[in-house]
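Two complexes come next, and they have one chain in common, chain A, joined by chain B in the first and chain C in the second.
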Partner chain A sequence: MLDIRGVTKSYGTREVLTDVSFTVGDGCMTGFVGANGAGKTTTMRIILGVLSPDEGTVLIDSVPVTASDRRRFGYMPEERGLYPKMKVAEQLVYLARLHGLSPASARRNTADLLERLGLTERAGDTVESLSLGNQQRAQIAAALVHDPEFLVLDEPFSGLDPLAVEVVMSVLAGYAAQGAPVLFSSHQLDIVERLCDDLVIIADGEIRANGSGEALREQHSSPRFEIRTEGDTGWIRSQPGITVIDFDGDFAVFEAETDAASQAVLRHAITLGAVQTFSQQRPSLATIFKEVIA
Partner chain B sequence: MTTSRATTPRVRSAFYELSASNARELYRNKKGSFSILFMFFFLLLLIVGLNFAVNDGNRPEPIVAVTGAAAGMTPLLVTLDSRGVEATSARITGEENATINVNDNHAAVVLTGQDPPRWIPLVEAIEASGIPYANIAVQDESGFAQVDLLRANLPAVAAIGFMAIAFMGTAVPLVSLRQRGTLRLLGTTPVKKLTFIAAQTPVRFASGMVVALLVSVISIAMGYVSVVGLARLTATFLLGLLMFFAFAYLLASRSRNAELINHISAVIPVLALFASGEVFPKQILPEPVLVALNVLPTTWFAQAAGTDLSGTTPFIDVYLLWAMMLAVTIGVALLAARIFVWDDRDR
Partner chain C sequence: MSNTTRPVHTAPTFAQSVWLVSNREITARLRSKSFLIATGILLLISVASVVVGSLLSQNESLTKVAVVGTAISVVEQTEAFDIVESDTVKEAEALVRDGTVDAAVVPSDGADSLLGITVIGLDSTPSEVLGTLSVSPDLKILEPASQDGFLAYLVAIGFGIIFLMSATTFGATIAQSVVEEKQTRIVEILMSTISVRALLAGKVLGNSLMAFGQIVAIGLLVSVGLAVTGQRVLLADVGPAIVWFAAFFAFGFVLLAALYAATASMVSRQEDVGSATSPVLFLVMIPYFLVVFFNDNPLVLAIMSYVPFSAPVGMPVRIFLGQAEWWEPVLSLIVLVLSTMVVILIGSRIYSNALLRMGARVSLREALHR
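Moving on, here comes the complex of A and B:
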């Protein structure tokens, strides 16, 4: 488990991270969301030990991260940085070797990843000759090729087409399923919503929200319900403790002052006929994000 | 997830991988590879051409009258004769176009007549007769000193070649890697900074050896350098090359602006050349300027190389120059490794 505790970082007089704390559990996909300049990349670089925090610490299973732990991480930087004129497979083997793998293991891992990421046919092409999407896949392979125990990925989905997104999601999910903590940042909130177990929202260098997707939805859910029945729903307006927000014949959206008030609406609707749907409205990640960074 | 966990990285292995990768990258980058040796070959060909045009082309063969002390004259006349140069011990024909006055292990060559002869063979013969190059002066009838442009400028050409390899061929690509984010990626591997920096050297060092070898071959072929001198020159080249690499690493240790470093790399060799005392004769420079220039490490290299290539006298002993170059190399290399950043945001 990765544990980030009270991390503070300043550049000159500008504090870019303030008391940042969160955890990335084993086998847990954690989305790291924030606007540009919010502090995501700085946090990730501190996690890797490439950058030192002014205060705070990063722990792996309760032990502070040291330089020698770097090989345990798979990191994909936002600024890509593969050698443009080097062939894809050669580049992956090279990076794996720098991480300490034997030549045979490096070649085996490279072939395996290229297969899983759909790049086998491009193995002999130079990086600069690949499409942007394939360059991105190669970059992801570079982060994974030394078989890391932890993944820290900065915008791994940017520039990927929907098909490639699915492929990469599947590869990352495979890592998490085998117990690796996976932290990734993304501006594509729909992907984060689909893929993540946990979510960390950062703004202006401070963690604004942190927890499982379910917990965050619960925390930020409004007392708003929607109902669809076979008949007219106009009667809801006269119910005590209820304010109708939207109404369209057999469909209504309303806010209930108490749980009892909302349940009373449901009970009354059943007495009038079949109820097709009745549910509490769940906020989307985008809604939560907008709400917490506002 | 695959099954091969990373083992403890071996420094030698990482060094090998990085060195091999650097070599391949340099090979792939044809333009870059060409540019790092271009300056050397361009200058060398320019100097050779100029030297031929100024001192050799279309000049008549020398007819020499040798004067002075008998002890010096006799071996010189023998040497001139063995080299096919027409020479007499007195002005008896009136057809001579050069005179050589030998005295006290010094020789003064004066080119006479409307059409001065090829004189470089005369200097070679005088040297072969046992008079050191530094004790030989050549001038025309009006007293204008004649210079063997190739011999005088070989140290500078070697220095330019080394500096081009170090600065344009090493510092600029390193900063480009940082600018492109490659260093950021490599910075997340267990590779140590010193290992990474050191691994940039082998392939470039080989290029430097090409320069050193060519200059050495020319020096031997032209008779500029003795066997002892060649050994000393080789040591000077090795130390100089390493010193220039150290400065290149220092230059590249923090910047992420490859264009700026490219401009600086283009200017440094020229500045260093003019400051080395090999372009402007030391005699015309004021004493305070000479003292200031002698503080520059590039001057140390040029003067140490000039001792064996051009027969010039350095401002201090060559071995002291070596010690100073070595000390600076170690100090600057360690400083470069210490302040080197994978990414400028790491500062």
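Moving on, here comes the complex of A and C:
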């Protein structure tokens, strides 16, 4: 488990992170969401030890991270970079060797990853000769080539075509399924919504919301319900404790003061005829995000 | 790959990291066409200068003289002439007239002649022949120059040029490679993997090895060239200076490489490398110009031979000229090694502070702070 505790960081007089704390659980895909300049990249760099925090610590299983622990991390920086004139496979082997792999296992992992990411045919090409999408895949391979135990990925999906997004999503999900904590940031909230177990929302250097996606939805869900029945739904207006928000013949959206009031509506609707849908409106991540950072 | 079966890789040591980084630098250099071509040209120039030098010296062939009768005993003593024997004075004069020989040496007619010979020239005094055959007073020179002035000038400039070329080529290479890593942001991955010091040390080591290799190759080529073209005397004179030059260069380049890496790390784009590293280029140019203009000034050379930036050129030149005591290169080398260590410490501080600062150029004060 990766534990970020009370991290504060200033550049000069400008405080960019204020008491940032959150955890990334084992086997958990955690989405890190925030506007540009909210502090995501700085937080990730601090986790990787590229930057040092002014205050606070990063812990692995309650023990502060050491320099040698950091080799167990897989890191994909926000601004992509590999050596442009180096061949893809050589580059991956080099990075794996820097992380302490033997030449043999470095080569094996490289071949393995290139296969999984569909880059085997490009193994002998220089990075600069690859298309942007393939450069991105190579970058992801660079973060994974040394069998990392933790993944920290800054915007891993930006610049990928939909097909590549699927490939990368499955690779990352595979890592999480094997028990690795995975933290990644993304602007593509739909991907985060699909992929993530946990969410961390950051704004202006402060953590605004943090927890499982389910809990966040629960927390931010409004007492709003939708109902669609066979007959007219006009009768709902006269129900006690109910305010109708939207109404269109057989369809209505209403707010209930209590759960009991909403259940009473459902019971009554059933006595009038078939009920096709009855559901509580679930806020999308985009809605929660807007609400949280407002 | 569950947690239990996940392979555990032991972190490489500092030395291993340095070695991996320097290996990559060397491989990248060897793969670069421009590097190979530049090296080829430099080696070609070195060989060419030796060969041309040897051809020039062979052109100084012996002067041809026609000799008649008893004069031969006098002429043979000097061993300085290509002798054409003639039977009569007439015949000898004919040889002078048609240009086969430069002069003729014949027995004197007069009995009061001191040497008993007469030199016959065509249209002017054959002073070279006269000088060789003349009797000179005894000569004593109080402070003999150990080397011929023109040769000393060539050797001094040779060291100056080789130092300038190698230092600027590899300095620019190391600067570019620092900015390449910074610009492509791979430096973030590297910094999260190995220490910044290991990264800097690997870069400096890799490029220094290449630069040193080039210097050794040039030294060997020139030495072999001198031996093959029969200039063994010159080799014996220049040899020790070349060996010292290599030793000084090894440390002097490390110092420059650290400076190049540190100054380059303050900018984020290749376009800015030139202006950022220009102060270092200036430091490299100084010894070159000093040695060109002051190679006959012992005081300037003596100062040069102790200042770390110019010692790699200054000291070997003094050794060649025979101006240095045996302990002087040793002392100067110690000064150089110590200052190299100080520069590496300062350089690695600038390097690690400036490496993540993108965009505008990092000021030296900011880079040294914190």
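As a convention for this text, the second predicted complex is superposed on the first by the 294 of 294 C-alpha atoms of A that agree within 3 Å, B and C clash if a C-alpha of one lies under 4 Å from a C-alpha of the other, contacts with A are read in each partner's own complex, and residues count from 1 in each chain.
Just so it is clear, a contact is a pair of C-beta atoms (placed from the backbone, for glycine too) under 8 Å apart; a residue touches a chain by one contact, two chains touch by 3 or more.
Predicted model only: the values in this text are computed from it and were never measured.
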{"item": "Superposition on chain A - do chain B and chain C clash or fit", "value": "clash"}
{"item": "Partner chain(s) touched by A:81 [first = chain B, second = chain C, both, neither]", "value": "both"}
{"item": "A:142 touches, of chain B and chain C: first, second, both or neither?", "value": "both"}
{"item": "First, second, both or neither for A:68, with chain B first and chain C second", "value": "both"}
{"item": "Touched partner set for A:51, first chain B, second chain C, both or neither", "value": "both"}
{"item": "First, second, both or neither for A:182, with chain B first and chain C second", "value": "neither"}
{"item": "Partner chain(s) touched by A:108 [first = chain B, second = chain C, both, neither]", "value": "first"}
{"item": "Stretch of chain C, among 8-16, 98-106 or 116-124, that runs into chain B once the two complexes are superposed", "value": "8-16"}
{"item": "Chain B/chain C common contact set on chain A", "value": "45, 48, 50-51, 67-68, 70-71, 73, 75, 77, 79-86, 94-95, 97-102, 105, 142, 146-147, 178"}
{"item": "Residues of chain C that touch chain A when the two form their complex", "value": "1-3, 6-7, 9-12, 17, 20-21, 24, 28, 31-32, 180-181, 183-195, 356"}
{"item": "Touch list for chain A against partner chain C, complex", "value": "26, 45, 48-51, 67-68, 70-71, 73, 75, 77, 79-86, 94-95, 97-102, 105, 142-143, 146-147, 149, 178-179"}
{"item": "Chain A partner contacts - residues on chain B that touch it in the complex", "value": "1-10, 13-14, 17-18, 21, 24-25, 28-29, 177, 180-191, 342-343, 345-346"}
{"item": "Residue ranges of chain A touching chain B (in the complex, touch as defined)", "value": "42, 45, 48, 50-51, 67-68, 70-73, 75, 77, 79-86, 94-95, 97-102, 105, 108-109, 112-113, 142, 146-148, 174-175, 178, 180"}
